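For reference, the structure is listed below as structure tokens.
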Amino acid sequence: MPVPHLPIDHACLTVWGKDTPGIVAAVSALLTRNGANIVQFDQYSDNPEGGAYFQRVVLHRPELSAALPDIEADLEGTLGAGFELEWTLRDMSVPQRMAILASTSDHCLLDLLWRHRRGELPVSIPMVISNHTNTAEDVRSFGIPFFHIPSQGPDKSAAETEILKLLAGNVDFVVLARYMQILSDEFITDVAVPVINIHHSFLPAFIGAGPYKKAKERGVKLIGATSHYVTKDLDEGPIIEQDVARVDHSMTAADLQRRGADVERAVLSRAVLWHAEDRVIRHGNHTIVF
Amino acid sequence: MPVPHLPIDHACLTVWGKDTPGIVAAVSALLTRNGANIVQFDQYSDNPEGGAYFQRVVLHRPELSAALPDIEADLEGTLGAGFELEWTLRDMSVPQRMAILASTSDHCLLDLLWRHRRGELPVSIPMVISNHTNTAEDVRSFGIPFFHIPSQGPDKSAAETEILKLLAGNVDFVVLARYMQILSDEFITDVAVPVINIHHSFLPAFIGAGPYKKAKERGVKLIGATSHYVTKDLDEGPIIEQDVARVDHSMTAADLQRRGADVERAVLSRAVLWHAEDRVIRHGNHTIVF
Amino acid sequence: MPVPHLPIDHACLTVWGKDTPGIVAAVSALLTRNGANIVQFDQYSDNPEGGAYFQRVVLHRPELSAALPDIEADLEGTLGAGFELEWTLRDMSVPQRMAILASTSDHCLLDLLWRHRRGELPVSIPMVISNHTNTAEDVRSFGIPFFHIPSQGPDKSAAETEILKLLAGNVDFVVLARYMQILSDEFITDVAVPVINIHHSFLPAFIGAGPYKKAKERGVKLIGATSHYVTKDLDEGPIIEQDVARVDHSMTAADLQRRGADVERAVLSRAVLWHAEDRVIRHGNHTIVF
Amino acid sequence: MPVPHLPIDHACLTVWGKDTPGIVAAVSALLTRNGANIVQFDQYSDNPEGGAYFQRVVLHRPELSAALPDIEADLEGTLGAGFELEWTLRDMSVPQRMAILASTSDHCLLDLLWRHRRGELPVSIPMVISNHTNTAEDVRSFGIPFFHIPSQGPDKSAAETEILKLLAGNVDFVVLARYMQILSDEFITDVAVPVINIHHSFLPAFIGAGPYKKAKERGVKLIGATSHYVTKDLDEGPIIEQDVARVDHSMTAADLQRRGADVERAVLSRAVLWHAEDRVIRHGNHTIVF
């Protein structure tokens, strides 16, 4: 029983930029005159007096695909003229294309593949790329192409170049599902699509490597995981979602790692879902999640 | 440092009724032509094809109080004409008047009074009414009038009549902060304002009296509390908020009661805050909470 | 990196019965004189004056398997003589044998198989039995035998007989991983090993069929799942573990079902782990979980 | 209905030190020969092979106070001779004496006083000391002495000396209930009793001042609070308890502070209860919480 995550004749409009009076009225009038009905409407302004404005609208328009160019032209004219706003409009019947990069750990990877197969994620998965081979059989049993690109030595540029070739033009965003290689600034620039990471700590606590060992050493009573967009500043990108689990003195660092794996896959799955549904708008180093 | 919960020149507009195309456009155009800017906008439709529509808008209008009659007249004309919608418009600088009914337990009562003193609740509290006297001194130390109306014998009509006299015209809603008397259908009708209750279980589990004893007997691993609007069907009214706490085999029914008290006061405080901020819209036996 | 869940030369001793003074001393003296060191010790008494006593001890004894008969004989003599206690002693290097019964839903089934493969569950899985065939390929890809036993018509006795034949002598406990058939009283008696179920509600709320639909109708703000031992009273057996997830007005019954699936698999996995580690002691309709 | 937190003829024994075989047997035999029955028994060893051992026993002994010297002498002989263990034995009918240091914030302070009045905390509160006067009336309404010791200028030694004079000999532990002064190393040494602090962040994230502002800037999706023992290393002492609350993009730093206040008072109350019940054993920079 697949989930109706790809509704026909529905589009998602996101709008963000400088807050000025009249945006809601302008957008809703525009949609009405283009024959679209508002199904869902979320809005946030961080300061009504000259702050930033964020909006997500799910709209229904019979024969949407034929109407899209007109709506886009009207948005261009309306929002481009009187406002300082940017926007995206996406036909929700077209799944976003998501590539997954992984290493040996399979918990985040398999959870995404399994949710995709259940119809819980409105995406297509054109490829999984790993610097190890242990998950190849599992991945392919889901009917997903698996590519092995090893990361050898300190110079990662060859591997990154190869990855970029596979991704180019084929994906709308990339998920690092416990991919244990640090991506270069050049890669982040050249990939030119959003990259979502899962970090195995409650950021900004235990930044960097070995967070469960650090958590054990500090004696914390909760451990966590953080999903964020990747930027050139390691572990510093805009946070999409976080969660925690309770631990106690009797648990070893390995126990924390196992308990944490459940948090990691849950947090990453939610972040991916929200991104794929256009619920996340980046603003500086923050996210608005509708 | 009181919380700015009573913002000047801001109003909260709630709209609900039959969903038809064009509501967002109509409302936002109306606000624009009345000089109001939309600060916050939440919307929900349970079915865009002929379902029910719900909307909450926080708007800013310089010199609001002078403009309110015009906005109300415009709403009456606009929403009354082409739509099947109901609405409320409330000046947010005017606190809602909240009466509290209590019995011997003080945890919910004191938490509300203390949050009110801290400026966390946008309400005034004209009175606390109790069928016991043990909390009188505490209540009055917060500068709040305390009235003792004992509930004696099976005929509660005299006590209810007395309570109704105190409330009439003086309050916008009533909170039952662990008030241990069942109110009659007549009282619910005659009080003519919303009544919010806190039930000491995770409804619909352990309906009726003695929920912690029942929870202990059933051996549950979580206990909960539920805040709901009071209707003529005991413990069956629309749920506003719920939460739970973890318990284990070593805890007695009295331990569950103590642990539960923390959940009760937290859940009731959130329900009261959301109601006072016009975030809760009732729809049949459900609530939409924006 | 498999988890060391099957430690060599360790045993788990559980003790339960009438609480009388001196049990801890008697058991610890017994272990000392049998050359065993106490690694972990948990104890609970529901009433030191004539109540019930529960104890779980993890002990280390070099050359355990050779010593087990002597320790068992000593337990028989010591606890059988002066006390009214029952006990079990289990070599922790021998995994418990767990059969899984499933239907079409795969989320609980796959989570158990995947955790088993990761080394998170100290069990062996000799078989998965389903009344449908859709999960056969997945199950076998984990190297686990899959048996299809359809449930046709109102008379389930033939199917149950066939299941009992497969299980007899081969399993230490059975897990119903969203197995959508009600087992007969005869089956529960004849299977003669513990049977663990996952119910898709926060019991005792929404007992019986269609809990997510009922939850949507009641308008609850949290949904849950409950893992319990199966008894002849449907959905009334001793609860092992429960958990909840937050939901809101915008979610459909299908959304609740999807959100609930995550809670179900998490709750069932924890219940199975705790049972397999001998952490759960049944007492009437309750459980003590160490 | 006061909580029976001060049970007659019960004592709490805590034991910690080098793990060696036979400790459980030795302690339980000792208790048996001194006429004491074990009511509750918790034990933990971080490594059975030469690691550290921790134990908490609640025991019942008729005419306890008369028997205490004999039990203590036996403990001294038994644990002092064959083992490298330290221990405490405390008559649970005698409340621990807890001083509270506070500043202007009242949420943690009032929650402790209110729980104490309800009988939830097995302590006496001989004094509240504040460097401000705003809470004086509230504190005294609970029947608790209030002392105002202002903290003026960079040299805090005069204030600290005055505080030490008030505390000396009168308290068993000190709680910093959002006391906004950094205590000197000399104070920590001279006070010679445990000092429990509540930090308004999920340590080690947002160490130091202004954590809610930092949390807003980082865009986290959860905020937290941490209760820990105070050591000479600011915000680095052994953590007793932590918890979190969910926040979102729409909340200001002031909103985080208000939401966080609920977490702070809950976390501190739990830490104080567990400390007062001798459930917390310090081990290096960690705690074992039974």
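As written, the chains take the letters A, B, C and D, and residue 1 is the first residue of each chain.
What we mean here is this: a contact is a pair of C-beta atoms (placed from the backbone, for glycine too) under 8 Å apart; a residue touches a chain by one contact, two chains touch by 3 or more.
Treat the numbers as computed from the prediction; the structure is a model and nothing was measured.
Measuring between Cα centroids, what's the chain most distant from subunit B?
C
Go ahead and note the Å separation of the Cα centroids belonging to subunit A and subunit C.
37
How many angstrom between the C-alpha centroids of subunit D and subunit A?
Averaging C-alpha atoms per chain gives centres 42 Å apart.
Any chance you could list the residues of subunit D touching two or more other chains?
44
Based on which chains are in contact, what kind of graph results: line, ring, star, complete or other?
If you draw each chain as a dot and join those that touch, every dot ends up joined to every other.
How about subunit D: which of its residues touch subunit C in the complex?
The touching residues are 21-25, 28-29, 31-32, 37-45, 48, 60.
Within the complex, which stretch of subunit A touches subunit C?
Counting only subunit A, the residues touching subunit C are 3, 106-107, 110, 114, 118, 120, 138, 141, 254, 258, 262, 266.
What residues on subunit C touch subunit B, complex-wise?
That would be residues 44, 46, 202-206, 218-222, 224, 238-244, 248-250, 285-289 of subunit C.
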